[in-house]
Amino acid sequence: MKSLLNKIPVITNQCRFNVFWNIFILIFILFSSIVISYRISFGLIRPDIYYWIIVFVFAMDVFLSFFMDIRIKYEVICDQRMIARNYLKTFFITDFLAFIPFFFLAFLIFGQQENKTFLHYFMLVLYGFPILKLYKIRHIFGEIQESLNFNPNVRRLIALGFWFIIGVNFIALGWCGIGASEKDRSFFDQYIRAIYWTLTTIATIGYGDYSPDKNSNLQIIYTIIVEIIGVGVFGYIIGNISLLIANIDMARAQFMKHMEEINVSMQSKNLPISIQNKVKNYYYYLWETRKGFDTGNLFTDLPHTLSTEILMHLNRDIIAKVSLFQHTDEIFIKEIVQLLEPVVFLPNDYIITQGEYGDCMYFLSSGEVEILIDNKVINKLGAGSPFGETALLKDEKRTASVKAVTYCDLYRLSKENFDKLRSKYPEFDENIKKIMAERQK
Amino acid sequence: MKSLLNKIPVITNQCRFNVFWNIFILIFILFSSIVISYRISFGLIRPDIYYWIIVFVFAMDVFLSFFMDIRIKYEVICDQRMIARNYLKTFFITDFLAFIPFFFLAFLIFGQQENKTFLHYFMLVLYGFPILKLYKIRHIFGEIQESLNFNPNVRRLIALGFWFIIGVNFIALGWCGIGASEKDRSFFDQYIRAIYWTLTTIATIGYGDYSPDKNSNLQIIYTIIVEIIGVGVFGYIIGNISLLIANIDMARAQFMKHMEEINVSMQSKNLPISIQNKVKNYYYYLWETRKGFDTGNLFTDLPHTLSTEILMHLNRDIIAKVSLFQHTDEIFIKEIVQLLEPVVFLPNDYIITQGEYGDCMYFLSSGEVEILIDNKVINKLGAGSPFGETALLKDEKRTASVKAVTYCDLYRLSKENFDKLRSKYPEFDENIKKIMAERQK
Amino acid sequence: MKSLLNKIPVITNQCRFNVFWNIFILIFILFSSIVISYRISFGLIRPDIYYWIIVFVFAMDVFLSFFMDIRIKYEVICDQRMIARNYLKTFFITDFLAFIPFFFLAFLIFGQQENKTFLHYFMLVLYGFPILKLYKIRHIFGEIQESLNFNPNVRRLIALGFWFIIGVNFIALGWCGIGASEKDRSFFDQYIRAIYWTLTTIATIGYGDYSPDKNSNLQIIYTIIVEIIGVGVFGYIIGNISLLIANIDMARAQFMKHMEEINVSMQSKNLPISIQNKVKNYYYYLWETRKGFDTGNLFTDLPHTLSTEILMHLNRDIIAKVSLFQHTDEIFIKEIVQLLEPVVFLPNDYIITQGEYGDCMYFLSSGEVEILIDNKVINKLGAGSPFGETALLKDEKRTASVKAVTYCDLYRLSKENFDKLRSKYPEFDENIKKIMAERQK
Amino acid sequence: MKSLLNKIPVITNQCRFNVFWNIFILIFILFSSIVISYRISFGLIRPDIYYWIIVFVFAMDVFLSFFMDIRIKYEVICDQRMIARNYLKTFFITDFLAFIPFFFLAFLIFGQQENKTFLHYFMLVLYGFPILKLYKIRHIFGEIQESLNFNPNVRRLIALGFWFIIGVNFIALGWCGIGASEKDRSFFDQYIRAIYWTLTTIATIGYGDYSPDKNSNLQIIYTIIVEIIGVGVFGYIIGNISLLIANIDMARAQFMKHMEEINVSMQSKNLPISIQNKVKNYYYYLWETRKGFDTGNLFTDLPHTLSTEILMHLNRDIIAKVSLFQHTDEIFIKEIVQLLEPVVFLPNDYIITQGEYGDCMYFLSSGEVEILIDNKVINKLGAGSPFGETALLKDEKRTASVKAVTYCDLYRLSKENFDKLRSKYPEFDENIKKIMAERQK
């Protein structure tokens, strides 16, 4: 048996089956909880086809949970044993209780029971066991979010909606259960009117067409409790929805606010419209390429080794293209990578001006530049091109201008930093001197 | 035909016609949406004069949209072809459906229909096509805001108001449509009472004088939906209005808060009232001239070339006045501009004291100063004047005092930075030496 | 006449009469607005004693406004002419209209009028003129707040309360005015019930015992308007009250939050309780002496001359006590003052340890210290004492320890800064050398 | 008597009796306030068993208050006299009035009184004296929180709940007291229905089944007051609960938000999933070990002596293990401790690479590292180990690599700082030179 199980392959997240199943089971738990609580409330408990569908689907879920890969923190675990062990430790017990048809067993033994007997109440409880599946909802939402990688605020909004439906359903059924609904209507009509009463109450509307019977302490106390909890929770939800909606695109909101400040500031300085538009377009460029998050922050927080790894990943190719740095050590490249400063140039900006004394070289990360000698375009360079490296070797005037054609993201390597590096790595210094000697020929 | 169209000039935003038309069409869409939905709800569909006015105005709007300049990001586009292409890609389809009198065509073919037949419902739908114009509302608001350049929070407030009216109108008409209104009243009275019910419900008042018929599931379910959505949206709007009002003058709010902190801090230090008032007046000066935004931030975020351009625009004239810097290169002025530090002096402050060793020169950006020799006023200087430049050339004591008469915004250029510049630009250094030699004669 | 007026002295704020009058007139405007609007609403307009009291008090206010000092920004203006001119420009017109007994004049001419005639309505309007005084409320609140210098959030709370009462009063009287109140009750009972209806509506309670007549469009539309505006404003007020209350002691709230963070941080580091209590007590000390505002910020924002003035005010006396700095220039003291760094020592901390090499001197700003030689207390110093100044002159080991007895706020002057100063001011340097020579004898 | 009292030992907080008693008295005050106000409202005042229990418990509380240790700021005071003096100054008077059976004394003198006589009202007031205990509630909450050291937001939530119950109880009893409840029901039923009315009103539901008698001005005015205050307070509470819940785990919320930003940033840079997971896991590690609070901040705010004390506590042991620093002065260790920089390394990161020139040594604060020579693991070090100290003495290449096995928190001591220390402390420098000489042998 065990060997058989081991043969079943672990269902990895790649094939998207996991996400599908999680979404399905989420919706299924929502409906089954409503159906089961509805039937308990009106005493309609029978092992019919709906009952067996629930039992079957929840059994399937237990089975599949042994074979679907899981995530602990950010590591995906595909080992069947670890998955099983983790499942047994976490959700197995509630899942197990939810799918075993205890009610059916009791039904077989005791048969259909009269209302208001002890056995009847006992069987109501047994019938309600699948509601335990709600315990797993939080986990399922987490799994879906991580698989689809959507905004956590959207997840929270959906989760709020889920629990709101469950909550309203339970309050409404409680209202029916204590006999406050109109008994002469059909069960479904009672249910609809109970939901109507629930919403009218917790949204603090209170038309007064449905209200507790003045002679029933039970109904009055039930209403008091719903008023305290329901109204609080409803107010909390409304408040949270505003907040969540506001947070869904917080980056954009911050960007818009920043733009507004820039705007006011430029107007108070009476800058000409052409410069104002240049500034605005620049910020739009930043927004579109960086989504408003300052990438600088990301690296400064990280440990040295990790930030170097990221920088290496981002800039390795671009550095390898420079003839100066070919045949140099990995360690050396790592050092250079940390010395690069990101700079942005606007269209038509001169990055290098012919005749200036150069004190740095550039690596073009994105965008396009033109090489001009005596104001004639002699070449164009695209993303990934290094230029101006002679300035690192000798104090000469720039022999050509470089002009940005589009917005350009560049990395700048200053002579100062480069010289420090040379003095630190004598082998590299030798290498450079050789290249210089060759070039001067 | 095409050549004819090309002769029609593009209506640019300069002549303000665009703003006028956008505001008109905004209000017109609001009213026509209400009128059309009202008539559909009560089955009052006829191709009467109101109908033809709507058709005509929306046709005009389609026509004009081909000839009004547009903005993409911050660039105004006046080319008739690009405008037409852009319009066809964006709002043409809905605009087109909204103005074609489909209903009239159907009316010609089928004539007036009995209630509750399929054709009747079909013609209701055709009659409702102009409501599609609502799709363009967001765009129109954006256009108006950019033309008039008003506070985006004010725009959002107005937009909220717009959609609130539309929303309440639709909910109320829905209430009439499902037969929940008092049938024996006139259509208009039914409409007023439906609006009354809608507001009483979504504002969670719920008098209970109008509430769904207890025997109508349809009305109860409709109310449930209005309660969930309407109440949520109403709460969201109330919450947003507070926030928007708070944000309309956020700069002022932040300023007031800062003043409060300053106040508490000065009181806890037991500063004399005269100094406290000096500090407060200083902050009021800052607020009035800079609207509370620190202009420093604006420049630090920008790329070097752009911030230089802004600085050049702001300070070029003032620098050109200094005889030292006349006959100097454009590049050189650019360098100086970046070395200026903004400083503020209060009325009666001594900017330069006679007899001190000077280490900087100043450019008076705004305000008025007095030149004093031996405490006698010998001259006054207004905005745009440079002074103290001899300190940049030789280590002498200041030969005169300079005293601020009003609040003065100055730029400071230190000898240290100036010397760096001289060593960097040998031509300029030569120039300076010549001027010094001449002066010393 | 004019010369007579000039003899009347300006009532300055010192004698507190201004504040008293402002508070009185504030309350009086509240009551008179309610009384007048009540009488207009029920048509009870007669030139009785209450009417003449209002006329008299408002006439007094106009008179006094010519003689009470005013504030423009933070300057108090006591010149009678400027006061009069300012008053004529600002509130004179409404104040004038409010006190002239137009109604009485009309009453003399036309006599008591029948209800619902044009003249009756005209006289209702004339009777309502004193309500114009509400225009001045904002100004009066501002005056009171500045005189008493209380928290601006408290002011806003009180102002909110004021306008809330006025608003509820007007809505309620409107309700009576359109005939929605129970006509068979007394005027006062109608008023009370109208207020009850107003509050029940705008607080969104909506019992439904009072609601608009289903057959009166006027009442229904009035209710719709109250629902939209009243509910919005009520929600806004509730939201603002929370915010204002939260802001009243924001400094404390920030402090408490900071303490909480410190707490968690110390617990996660497993620091012993004794150190934890030391840290907590230190922050409590900071809170009690500085109210949580970092005084550093205050000075950095200010222009150089102003911050120097504040520092001079705070530290002048303490510096003048040092024998080294006696007989030195004012300019020199100004320089020193800017070099002082504030430091705090805890009880039992050693500020100076005997035998150490000293590199700074201290000025004790508040607190008490002990001088110890070889662990024996030989002296105590209180606030205002300088010590350790020999370290500024020569590189010697400290000859005594100094220990904090209580929490001590000190200013530190480092030898490094002191030496810079000496090299900058040769006269001072000479002075110091002399003192050193004398001491060495 | 006094000597006897002195023999009773002070009950310190160690034995937890204080917390127990405070919680008990808190709940007891809640119940007794409700019971007493209930009885006063319905005129059920009699010196029965419940009355005597209250008298007895409150007498106990007065007695115990003389013997329970108290806290002033963060110092625990155990001196019996100071406790007594403090108690007499603070809560003794109200506690005293609350426990003396004034009512019983009056009952003995006057006997049971008829309703609505003056004496009856007087005795109602006397009966109500124990409600004065509510004055102490705030203090009790503070005591409990400090003893159990739980989240202050949780405390505020519980306190809000407490006062909410008290408030609703008083409003409901007021409603009964003014005769608005249904007189033909039992007292308890009236009370339940009054609470139902109260909640329905302040939660702004307003069914309208219970509302003030239209003919009773008293009831209408009472309702108006409840509407203004109750609704405002209820709204305030709902708003605060949201805020408090949001603040309970603010650290986590900030962490989650930061993670979200990191996520977006990494996605926009197209970093490979493996690096993304590394970054995420790193932040999770930080969160788990530091709870999101940057410990750096904690120390920078503190005075030098205090931060040194904390650093000494945290790092003393680890430094004492380094043979270099043995036999060195306490003062010297203090200096070193301030030069340590915290650094983090990830699993598999090389902390030291064989063959590099070293410029620092490390102290392993937590985690595990491997020592490798020529890529062979030759040793493992655990928390508390120093390594790489030879680099501080001479410029040699590293003779071994050190690799992090787990996440490692280290402190770094650079050669630069170490050399400064040597030049500052000549004795220490001698010591180091000796050790070096020995090692070189």
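For clarity, chains are labelled A, B, C and D in written order, and residue numbers in each chain start from 1.
The definition used in the following text is that a contact is a pair of C-beta atoms (placed from the backbone, for glycine too) under 8 Å apart; a residue touches a chain by one contact, two chains touch by 3 or more.
Bear in mind the structure is a predicted one, so any value in this text is a computation, not a measurement.
Of the two chain pairs examined here, B-D and A-B, the one linked by more C-beta pairs in contact is A-B. When the contact pairs of C-D are matched by residue number against B-C, B-D or A-C, over half are shared only with B-C. Shared residue numbers account for under half of those found at the interface formed by chain A and chain D, and the copies are therefore classed as meeting with different residues. Superposition on CA atoms relates chain B and chain C by a rotation of 90 degrees, given as a multiple of 5. Chain A and chain B have Cα centroids separated by 32 Å. Here the spacing of chain B and chain D, counted between their Cα centres, is 45 Å. Chain contacts: chain B has residues 204-208, 239 touching two or more partner chains. Those residues of chain D that touch chain B in the complex are listed here as 204-208.
Partner chain A is touched in their complex by these residues of chain B: 73-75, 152, 201, 204-208, 211-212, 214, 217, 220-221, 223-224, 227-228, 231-232, 235-236, 239-240, 251, 289-291, 293, 295, 298, 302-306, 309-310, 313-314. Interface residues of chain C, counted against chain D in their complex, comprise 189, 192-193, 195-196, 199-200, 203-209, 238-239, 241-242, 245, 256, 260-262, 264-266, 268-269, 271-272, 275, 277-282, 284, 343-346, 349-350.
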